[in-house]
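What follows is one structure encoded as structure tokens, with my remarks underneath.
We call the chains A, B, C and D, going by the order they appear; numbering starts again at 1 in every chain.
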Amino acid sequence: MKIKVLYFARIKEAVNYSTEEVDLPNQVTTITALKNWLALRGEVWANLFDGKQLVRAAINHTLVDDLATIQANDEVAFFPPVTGG
Amino acid sequence: MKIKVLYFARIKEAVNYSTEEVDLPNQVTTITALKNWLALRGEVWANLFDGKQLVRAAINHTLVDDLATIQANDEVAFFPPVTGG
Amino acid sequence: MAVLVQIEDFDVGFQLNKLRLASPSIGAVVSFVGQVRDINDGDSISKLTLEHYPGMTESALKAIEAEAKLRWDILDSLIIHRLGSLQPLDQIVLVAVVSAHRGEAFKACEFIMDFLKTQAPFWKKETTAHGERWVDAKLSDDLAIKQWQK
Amino acid sequence: MAVLVQIEDFDVGFQLNKLRLASPSIGAVVSFVGQVRDINDGDSISKLTLEHYPGMTESALKAIEAEAKLRWDILDSLIIHRLGSLQPLDQIVLVAVVSAHRGEAFKACEFIMDFLKTQAPFWKKETTAHGERWVDAKLSDDLAIKQWQK
């Protein structure tokens, strides 16, 4: 299924992407599975999702945890803990 | 000893005094004693200090309780619970 | 740390900007503005008259500010309280506190308001269609104080 | 209940007056203003750049306001958060809450700020003499949330 993935702040700078459209394999249906699949892209991606830094995820503008389910046409975002205010 | 007594808000209206100088007998040395002494002035005064309504007291601009000691030249004030803000 | 007791209205925007621009180590500005409401205890209020105890008011408010500064890490504070004759929608009081971080300013500002309500010698008289009446102190204000007991 | 996310500065006095004058049943206006500080983690800050997640920011802030309105008896609220490039002494954020009585407005305003700090997708990058760096989230902000757990 096709989804949109967005990256923000230091994660955007690390992966050098702000937005991309990806076509997920059938077995990639959760945030955890998406992280593991993206980690296969290379060292930068593997380091990002190795669990040593906090990476927050949102689906369609709502904060979610790693077990959340992804559906076709979702907008998934990865970003560091927020620091506004 | 001579002291100054001030009255505020509904108490001022009840006793029809805002400020007076009084010369206290020797035995009147606390707020309680002063209340009892003023209560001898008549019905309005007796009603004011009969304990059925809250009457706050201050000595020299500091809130005090009824056991506080009065000294010569003190400024004593009687007023209802405050309602500012 | 300043206290103003005055008949005149005040400009909240001006006062808050003055407080925060005094230092770039200020990160947080918390303020409370009290406004005269049009209804109290079920009756329409056309006028509110504020009496106070000159001299004691200022010293009571300064003591409250000093206690707030002892308890929390705040950088400055301001209390403005009006006197005389007010109407619904008029401002009555401003309490503003500045600090490096927000938690301290929130606590100190609420503390100052809670103590002002129960310790500062102001009294309100309301004018309603039935005439004038003194406003009674509220039990809820006495209860609010309890949360600050050490 | 309004949310503004904007590059432009805001006029706190104007916004607070607009909120309180909307109704004579408002007795309390509590507000928080956040200001850019000149020093963070021991380094002088010459510039602060704010990035956000357009769309999610607005919906996150609206959800926080709605939750505050569910929890407390408040009459209205306003959140303004700035974006882009800021300097020390610049205003970053305004949260204002109006209610009949002060306790509700104090709690709701602090609640909104605490959740904004941990839930709204903003990120700060600081410019110091050593270059640029992303600001790390603070443990104290995560802890602040715990006081609001039901």
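The rule is short, and it goes like this: a contact is a pair of C-beta atoms (placed from the backbone, for glycine too) under 8 Å apart; a residue touches a chain by one contact, two chains touch by 3 or more.
Values in this document were obtained by computation on a predicted structure and should not be read as measured data.
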Greatest Cα-centre separation from chain D belongs to chain B
Distance between the CA centroids of chain B and chain D (whole Å) is 48
Chain centres from averaged Cα atoms put chain A and chain D apart, in whole Å, by 26
Expected list for chain D, residues touching two or more other chains, is 34, 113
In contact, pair by pair, are chains A-D, B-C, C-D
Within their complex, chain D touches chain A through residues 34, 50-53, 55-56, 59-60, 81, 92-93, 113, 116-125, 134-138
The residues of chain D that touch chain C in their complex are 11-14, 16-17, 20-21, 24-39, 88-89, 91, 100-103, 105-106, 109-110, 113, 140, 144
Chain A residues touching chain D in their complex are 6, 8-10, 54, 58, 61-63, 77, 79-85
